[in-house]
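Going by the order they are written in, the chains are A, B, C and D; count residues from 1 in each one.
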């Protein structure tokens, strides 16, 4: 989300989900929306039914691409050249919104200078997309009054993830498609409360409400309320921790509801880190791969057994209501943290999770007006919500960007860290599938979901399959420089020749043994979407 | 017939008396209901099936390979295909399974009385037809039987004990074929449809019974039609995913029909009214 | 039988879903017709939201490693030992040897508490979650 | 009240509705549509008549299918012991239940479910819940936004299929008696009812005419049924539907006449577990897939065909009427816009 933070000043979806329905042009890039965000896809298809134009930019012919007006099947990792080419067309054809650029943005000269240096024919070759299609996409997007861009992890999970996002923001600002209703830039958040976990400061550099830990004023505010000294230096990020290895700084870890031994890249490295710890405690609802390595495992209550809030991708803070008491001897994660804190000499006394929200409201200005009793009688509140009378904010950046003026950040093409070569001739891309969620610890428990989709399949183009003499259903060994898995083949022209695609939900087929730990230097998002592999028929 | 019956979906325990390995993929389970009285009273008809339960594995429909003319035990021949059948293959004599049934529309043995039978089977498809063949042989006044049985390879040929008896039975002609030969095989190689031209049957006085993989069934049905068999005299039995067995859950839909209650036995005449491309 | 309105956990859309509660068990999930996101429908995961809640694979008791094996222990034993180890290692590394992973699947309140616990009690900013995965 | 007087209609003053329901509740569980604080209306068990507002002006989003045929129910428990492999019924005998405020479409749906679950071999689990239930209907004076029951001939007013049928006449309900259970209920609480006058039945007739004129959707179900029967629905319609279907199963789960289910065993420990029945949908790929992997319904397009053919062709052939009751619940909930109204429209176009 760092990309939007540098350009707009705030890294979240600028629209409400329902606004997408009334857009005139929807540009979807790096998002398999029908599978990963079905409700968002529903709005897109509704918009198409109302006459909207849908442009899908994806290396694969996804289901959404089949429904699209225009599908640009770019070479993986060439999002920046493609977006730059679109912007160049917009400049060449005088489709830019000069008034918006003048009034609301800064650093446009740098972007223009960069764009004029580009050679469109070269970009056509790099991206593998016909210039004619790029031109049409640029025209559609720029000419419409209400254009929305939706992107997801296909944009961010690259070493140039931040630059990818900045390029999208550049495109939106260039055409003035930001500040209005039904118009904006919408990152779709993958997990149910990833927005909330970020908002709550479960990040190494910020307190709740994106207040930097190394800012003395913020720190003093928190120290005053929590009545204790707080560390000033930003901490280690996820991969810095899980990939620190046996000789790294990690001596002990406390992991709540995460399964890095499935979800993180280069799993061998994660395993080395976890097994070398002097102490590992895990709180989870299932004995995950990670929990199986722990010294202590806490049985946590599931969402049906507790009360609290989640924040969805459109910044809507909503109540989670308890339906049943915790099963067996389970306790909520909140109770576990409170019990540990008490034992370590720091009493946390909350009579309910509603009281915790009151503390959040006290400390995080964007949550200042959010209270459980307000949520109980509404469909939630979209932050920023500045006070208890504030109705919430359906779309961001009305009249001014969070950071003041929108900032253009020109970017050049940065190829993926690992591209196919002679020894590893295929490009592996991975992502989510409709029937399962993340590491599958919950959805794989459903007999029906498992029946519908019970194993990982590797999508291979018919031409590649013919060359490897592979038929649908054959088992393959897929290896990268980091590891290997066994996987079943599915022959389909949804993927381009030379590329293969699969899902990471399945413990039997741990794809992240293969993926690369190279990450974006700013957002520290690993490059899950591109690595080089070889295939052998078993 | 079953208008007043009610179904509570409760399987009855049955004890495995004996297990016969037919080939590497197929085992025949000789079973008796644990409740002796119930076992004695148990009746069924060829072509019908039972829902078989295994702990934690759920249920699967398996057709009878035994004949009710030999009461006391029931035999279910099971090919290893999914997790339930794999677990079943790991069982031993003395272990228990759950059974409910019998279900389905059977082969009407009275109609076959006195007619010559042409049995065409492939792989596990011989199981339900074995029930008919042995039932006929046990009943006086049966006609001539011609059995054509195709397997993938010679070592896959199942029900060898029965085949041995059939091959020596005066009223039976039994031909085997394989898709691919193995050392020591001197019989025919090729699809079972290839044998149809070599047998002497009179379509007017014969009924054909067909069971096997879907592609084979489709090919054989067409070939039999060309040989002059009336559509009503070509019978086959269909395999479908099933959950209830009583025509409610709809997993086994075949066009407007439900295989568990309208079948699994269908004549070609019935199938022609449905969509044949979805065997 | 009750219908309890809650929020789906299976993606960032945040659909409003009714859990059907019967005798202490959750036996169904259905959409809220008026919820602004779900608007009367759920995806296939949402309709099967209840399936995992009573899974036999759920952890139901604290576990602690003894002689290499994870064995059931009391809450007090698990909490005491965890507090002791986190306290010991935290003190010896000045908080820098401890890493805390929070969760995009837990509630805001729990994420808030865990980062507070990390910063105020364990004295480390080594806290993150898989926002990028 | 004499038995032969029961064929006529009765009047229940609205003032006495709650008193009547309070009596009814003494011997039965009461299930009725309730609007909650989120403005969603659902059929709920009413524990306290004075605390929850029964809402007779909205369409309940769930219908009563989920009571008679729940999303998930335990058919049996099983255990493996020295005794062998044994199944036991979980004997929770269903409470006798009065369903109040059931709309004509949902009443027709119950009639259909009766045929499915009790027409041939009787499904014990459905039967037990059904036999102790009393259905009190409510005719629809004003069709809701997505309703098209006039097109499927299952409303807005019904003359059969209920135990008692209410019609809202403003300050009073006209109450008609259907099956014997309704008669018994009326007799048991006759103090609340007075015989209807001719003007009451005239008022009802007038309301039914107005209701017929009040539909907002134009749905030509008969035309689609005829074109399906004649095989005139072009392949492109099915192709478009299968491309758009997002496989959520929402249409089947929400549909009051969709009765497909699956049965799975869920372990509760190493040697025991339960056998669960849950809703399933014919549009799922795994619905027909055999253990070995072969799927006789190999393509999405055929799965989609199955759904609409079943409702608008097979059931018409078998029962003389479609098994869509025009409740409109699937309209607008579909991710891709492939609901039955859309299909009927597409099927009707040349």
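By our rule, contacts are C-beta pairs under 8 Å (C-beta built on N, C-alpha and C of every residue); 3 or more make two chains touch, one makes a residue touch a chain.
Bear in mind that the values here come from a model prediction, so they are computed numbers and not experimental data.
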_For the interfaces A-C and C-D, which has the higher count of C-beta pairs in contact?_
A-C
_I'd like to verify one number: the distance from the centre of chain A to the centre of chain C, where each centre is the average of its C-alpha atoms, in whole angstrom._
19
*Quick one: chain B and chain C, Cα centre-to-centre, how many Å?*
51
*Take the average of all CA coordinates in chain C, do the same for chain D, and state the distance between these two points in whole angstrom.*
37
*What are the residues of chain B that contact at least two other chains?*
none
*asked:* If I count partner chains per residue in chain A, which residues reach a count of at least 2?
replied: 38-39, 42, 379, 434, 447-448, 452
*For chain C, write out the residues touching at least two other chains, lowest number first.*
2, 5, 16, 34-35, 41, 43-44, 50, 54-55
_How do the chains pair up in terms of touching? List each pair._
A-C, A-D, B-D, C-D
*Which bits of chain C are touching chain D when the two form their complex?*
1-3, 5, 16, 18, 20, 27-35, 39-44, 47, 50, 54-56
*asked:* Using the touch definition from the top, list the residues of chain A that touch chain D in their complex.
replied: 34, 38-39, 41-42, 45-46, 49, 63, 66-67, 376-377, 379, 434, 447-448, 451-452, 473
*asked:* Could you list, by residue number, the parts of chain B that touch chain D in their complex?
replied: 2-11, 13, 15, 34, 53, 55-60, 79, 81-85, 96-98, 214, 239-241, 243-244, 246-256, 261, 278-279
*Taking the complex as given, what residues does chain D use to touch chain C?*
36, 38-42, 44-45, 61-62, 66, 70-73, 246-250, 253-254, 266-269, 273, 332-335
*Within the complex, which stretch of chain D touches chain B?*
75-76, 78, 80, 84-89, 116-117, 120-125, 127, 259-265, 267, 271, 273, 275, 277, 280, 282, 287-294, 296-298, 302, 306, 309-310, 313-314, 317-318
